[in-house]
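Letters A, B, C, D, E and F mark the chains in the order given here, with residues in each chain numbered from 1 onward.
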Amino acid sequence: MENPLKTLWAEGKPVLNGWCSIGSAHTAEIMARQGYDSLTVDTQHGAFDYGAALSMLQAMGGKKVVPLARVPWLDAGAIMKLLDAGAMGIICPMINTAEDAAAFASYLRYPPHGQRSFGPTRAGLAYPGYGVAANDAVLGFAMIETQAGLDNVEAIAATPGIDGLYVGPADLTLGLSQGALPAGFDRDEPEIVAAIKRIAQVALDAGKIPALHCMSPEYAAKALDWGFRMVTLNGDARLLAAASGASVAAFRALQNDA
Amino acid sequence: MENPLKTLWAEGKPVLNGWCSIGSAHTAEIMARQGYDSLTVDTQHGAFDYGAALSMLQAMGGKKVVPLARVPWLDAGAIMKLLDAGAMGIICPMINTAEDAAAFASYLRYPPHGQRSFGPTRAGLAYPGYGVAANDAVLGFAMIETQAGLDNVEAIAATPGIDGLYVGPADLTLGLSQGALPAGFDRDEPEIVAAIKRIAQVALDAGKIPALHCMSPEYAAKALDWGFRMVTLNGDARLLAAASGASVAAFRALQNDA
Amino acid sequence: MENPLKTLWAEGKPVLNGWCSIGSAHTAEIMARQGYDSLTVDTQHGAFDYGAALSMLQAMGGKKVVPLARVPWLDAGAIMKLLDAGAMGIICPMINTAEDAAAFASYLRYPPHGQRSFGPTRAGLAYPGYGVAANDAVLGFAMIETQAGLDNVEAIAATPGIDGLYVGPADLTLGLSQGALPAGFDRDEPEIVAAIKRIAQVALDAGKIPALHCMSPEYAAKALDWGFRMVTLNGDARLLAAASGASVAAFRALQNDA
Amino acid sequence: MENPLKTLWAEGKPVLNGWCSIGSAHTAEIMARQGYDSLTVDTQHGAFDYGAALSMLQAMGGKKVVPLARVPWLDAGAIMKLLDAGAMGIICPMINTAEDAAAFASYLRYPPHGQRSFGPTRAGLAYPGYGVAANDAVLGFAMIETQAGLDNVEAIAATPGIDGLYVGPADLTLGLSQGALPAGFDRDEPEIVAAIKRIAQVALDAGKIPALHCMSPEYAAKALDWGFRMVTLNGDARLLAAASGASVAAFRALQNDA
Amino acid sequence: MENPLKTLWAEGKPVLNGWCSIGSAHTAEIMARQGYDSLTVDTQHGAFDYGAALSMLQAMGGKKVVPLARVPWLDAGAIMKLLDAGAMGIICPMINTAEDAAAFASYLRYPPHGQRSFGPTRAGLAYPGYGVAANDAVLGFAMIETQAGLDNVEAIAATPGIDGLYVGPADLTLGLSQGALPAGFDRDEPEIVAAIKRIAQVALDAGKIPALHCMSPEYAAKALDWGFRMVTLNGDARLLAAASGASVAAFRALQNDA
Amino acid sequence: MENPLKTLWAEGKPVLNGWCSIGSAHTAEIMARQGYDSLTVDTQHGAFDYGAALSMLQAMGGKKVVPLARVPWLDAGAIMKLLDAGAMGIICPMINTAEDAAAFASYLRYPPHGQRSFGPTRAGLAYPGYGVAANDAVLGFAMIETQAGLDNVEAIAATPGIDGLYVGPADLTLGLSQGALPAGFDRDEPEIVAAIKRIAQVALDAGKIPALHCMSPEYAAKALDWGFRMVTLNGDARLLAAASGASVAAFRALQNDA
């Protein structure tokens, strides 16, 4: 029961995370073959819920990539079901207070470190020997993506059982600017960049992993310079839309030239 | 990003809402062709959850009918996922207090008007250009269906971000009569009718849309006279059961005659 | 291992058959409660295939109604899989020759009466004791719905193992009129009625069950007078569309009156 | 609207409960044929959620076995949806206080005995006549599986609307020992056995049903001696793994001998 | 009942076809938004069958793109089911003889032009008014992808009811070279290019539409110069794999530079 | 692209095959962990078709066990789709003649050894580098299970591209005895045993793999003595039914004793 992501961090390497918004075991298996270190099935904004997530985790089984999951909300049942399904870590949105963080952490681990209920039905198949020792392998990322979350970031980072702070730039920007700035990733507004950097520093100071949701490889590389130790790079739905759209556009341009 | 239901109301027209209790994209597509103004996928009492609801919303895409969804309970994750899936409005059961109403409203809209998280994965496909401007298009209906809800109806109606009050007569009757009256729709007991009319009036006074769940066209037409501006007319499961049952009964009668 | 439909016929009673075109266990369970003697899951024109058919047969389990299935085409694999899934009879489209009929019959029964492969995985759960004796319980209906089928109807009816002739009036009309008459059920053109009656008579003369696909109870009752011993009455998709459409129309009429 | 489990208890007989962790209507139908008195679809640790649970309940329809369901967490929406889907009782994990118990009980029954919302869409198909009278038929089992739950067990047992206390030995052991003892069922540590017996006695004293999750028939039989009136016996996933593993091992041993 | 692809051809414009190998309504909806003229759900080599294809066609409903489908093999049931599900044309693999072509054509159209069975269950929802007139709207593409198919290409092209010849370069290359050349698209071996051009010319001479499966926009544009009037451009699974792989590679390069 | 089963045979070891009749990725993953050398997803008598088979193959990915599939019938489309989905071999029922065998073999391999169409969509993900070289890795087992098949067994065994003869004892017994003997496995009637042994010998003489479907480890071990080089041992549905039934029976016996 080791989590290979911890090994990467121990070796001083960053973690490159992929992102699944499409609820399909086929797309999950495609993504699992591309060289990401971890791959997150997103049951929050992804167009799927537990049933598809399970089939995606099953299809990722036996691949080198480490499966993670994002839950729709701070919800004990959803978190524990995804861990039982084989996710090796949970990203939880909208952690705004230390109380949120403590509740989240408690759902991730068996007693005495939490209140996770025992019954790792599929995790036990995916990882022979899975049991209480999973407490050491499972990761919990608290998303900092509101003004309140930013205000309480030190307390959140200090919460035992929280392994990392995950920055959601779209929501953080909407929240900090109170809707004045448009939603989106790869921000360059100084006040947003400052907030993002601050979260990274707070995490590092607390001995936790700072993680950032990015679009472009260039921005993700820059995030490493800011201290982030995990970067998410785009996601399946956007990658497919962009690639197919570009292919069509290229053909239409050639067609119009002719 | 306009909601055609708002246009109907602006023109002084009522909204005729259809209802899907069957978890099937096929039945949803049948219902979407019948001339309802809106069509609600009911993930509360309907025999399906998010996965089927998504496929139903996908099958309704491109039809003229406006898709709505009912959630099982006041639950941030469920509400946001159905909005992301393309529902243009949410009906939330069991809103009993102004606090319930405020929480519900906050889940429907992006900052600064709420705490909805950004990531309209399918809504962005269904409605090109969908973004923060969805705040103006998305509708929130608070269900008034308990004694407590009725006691607090003015405060609920006054809650910013609540667009309408939706009356569930079956639960309201059970609640007001403490189980003394049977469950069911299209009530004619004076005390229940009075409560229903009162909710309509409170909504109208607060500039909100009163909506009523009805069975028969006649009752729905009467509801318009009471001031309701949205009426739900029966639902797929009951319509199918009644139609097939009547067909069998007609044949059996002819068979017995012969 | 008895087939209740055989009991009905032995008692001189007709069989009233319901029809499922919607691929949903929920609609199948609704239909199973309406008083039909048998209920057919249509994997030919129904919008579903084996997977949904299985779930529909499972949901019909334990109900009084006898489950039947229509296959997409004369296909050994499809026929045997639906029998294994618990269908107590198969309706096979487009049986045009005695050779077609003999092949069809052979797929329905274990040796020495056919070449059905043994492995009634779900049928064995649905009907404890199911085994080779199913040969006597399972029914095979050959659809007569082309000019060729009509030309060969006596030979088809005479084929051992064919239990009934099932008339598909829409295709039969297209075929006999070479597209000159519109598709549809409940025909009243004399030449089509004559053909339909002839098929019934051929079946009866051969000791087989004539069956007719009907829409209205009145037409179905008339079919009994013509000698049909099994009548299908409308179907779930049409019943739902008609009932919801009528409900909308009634409301719109009342709305316009007001 | 009777619950056959109540009849068994009235006759002084124990209830033998089966357990479904696999999300498949096929395995549910297999389990439903084995002679259990009740069969629980486990949406907590089982590898499935509502959608598969519905199909399992549909496949169990018409069988003699009484369907129950475990929910992932104390969640009104999940509880009511499973009741609407036809579960005749709910097992709720992690009931730690009388407040938890009261909330749980309120979700199970219609007013005036609770706040269950009316709309038994599939239950009405499964049990003709299902309505408010379901209040008397539906069962609620509070799981006692933490130190806090044990501390409050008398108050939980005394809560109106709680029909039984269900002991989850794996979590209870982790909780009481603070992780010092390994997870698992069929405990024989004296302090754990004492706690288990105490819960049984508290339930009996309060006129409630004590239930225990067991693995072996021998342990389950012993639990009856301790006063338990309902015992769960192993579960589908473990039974399949053990049986197939034993079959392989037996072959390998024979192969190695040869 | 018009097929917009016919309008494009009548206007002298080529058809740009997209390709779905992933069995997901979500990816289908993404692809449907990218500006392809038509979009093919591939039930041959795509990792899905009828059930997913139906949900994909439903999700494409109401979009401008014209839905087509490829069947696994020359199979009447599969072809008719996909037409009933709303495909406006069928691509059939491995048409090797005029007899194959005639059988294929017969499955596409109602009498007197073929033997398609009547029952357009979902097509009737997707295209109000769909009926026998669909004979003029539905398209049939015969795949030429073997030595035998090439040998018989003139007779295949001359078959009434065949609307186009669709070239599968991977199989054609394996077949013509008897496995000596590797599989793949966008061929540049002179003998393969010559065969491809010959098929285009034969189609044009017979008044039929030549179509080519391509990968790059450049090759597709070149195909137009060769006379092709329909070109398929890559496909969802490859586009996603390439885009995500490129994104990872770009990040790794930047990471290594740092 | 190696097939580990070939390695086992080259080392003189038998192959122990497991069997999946339940259409569930969860049960497939359980079975994949038990130590079978190969595991067959049975789309003939198993209660599932391609869709579930795909999810089962995905869940088996990355496990040591080699995935095989049985098709419902000799059907090019079904065979090629399961190969594309990642099955490393196909078991085809009811091969009765050398013509059947030659057709079957042709569907398994790319030119020049067959007519398999190129497009290994999921196989390419499961086995990086999968391509035309799969011709050497993929296995084809012809089922001998009728009198005709037995009569032609030498010619079937001699057919190039047939890798093994797979004996289905239930159907073979029904066929040889013309229904006089009951269906079932692990036969001990001398004439059936003689036929089974003969098939093994014919396969061995032709340099092919004889395989036998068995229930008990003892019978499977005996089959090795008869020369079989692959034995199937029971199957998931029967194992589960037997194990749960035995558990219930043991409890009932203890209960009755008390």
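Quick note on the criterion: a contact is a pair of C-beta atoms (placed from the backbone, for glycine too) under 8 Å apart; a residue touches a chain by one contact, two chains touch by 3 or more.
Being a predicted model, the structure only gives us computed values, none of them experimental.
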Q | Required steps from chain A to chain C (each step between touching chains, minimum) | A | 2
Q: Scan D-F, B-E or C-E for the interface that duplicates C-F, counting it as a duplicate when over half of the contact pairs agree by residue number.
A: C-E
Q. Quick one: which chain's Cα centre is the longest way from chain C's?
A. A
(Q) Suppose chain centres are the mean of their C-alpha atoms. Which chain sits farthest from chain F? (A) B
Q: State, to the nearest whole Å, the distance from the C-alpha centre of chain A to the C-alpha centre of chain D.
A: 34
Q) What whole-Å value do you get for the distance between chain A and chain E if each is reduced to the mean of its CA atoms? A) 38
Q.
Centroid of chain A to centroid of chain F, CA atoms only: how many Å?
A. 41
Q. How many Å are there between the centre of chain B and the centre of chain F, using C-alpha atoms for each centre?
A. 52
Q) Residues of chain F that touch two or more other chains: which are they? A) 23, 26, 30, 33, 47-49, 51, 54, 75, 78, 121-122, 237
Q: Write out all the pairs of touching chains, ordered by chain label.
A: A-B, A-D, A-E, A-F, B-C, B-D, B-E, C-D, C-E, C-F, D-F, E-F
Q: Flag every residue of chain C that touches chain F in the complex, lowest number first.
A: 49-51, 54, 75-78, 80-81, 84-85, 110-113, 115, 117-122, 131-132
Q.
Help me check something: in the complex, which residues belonging to chain C touch chain E?
A. 21, 23, 44-49, 51-52, 71-73, 75, 78, 93-94, 145-146, 168, 170-171, 174-175, 178-179, 182-183, 237
Q: Spell out the part of chain C that touches chain B in their complex, as residue ranges.
A: 14, 16, 18, 22-24, 26-27, 30-31, 33-36, 47-48, 217-218, 220-221, 224-225, 231, 233-234, 236-237, 239-245, 247-255, 258
Q. Along chain A, where are the residues that touch chain F in the complex?
A. 25-26, 29-30, 33, 54-55, 58-59, 61-63, 121-122, 125-126, 128
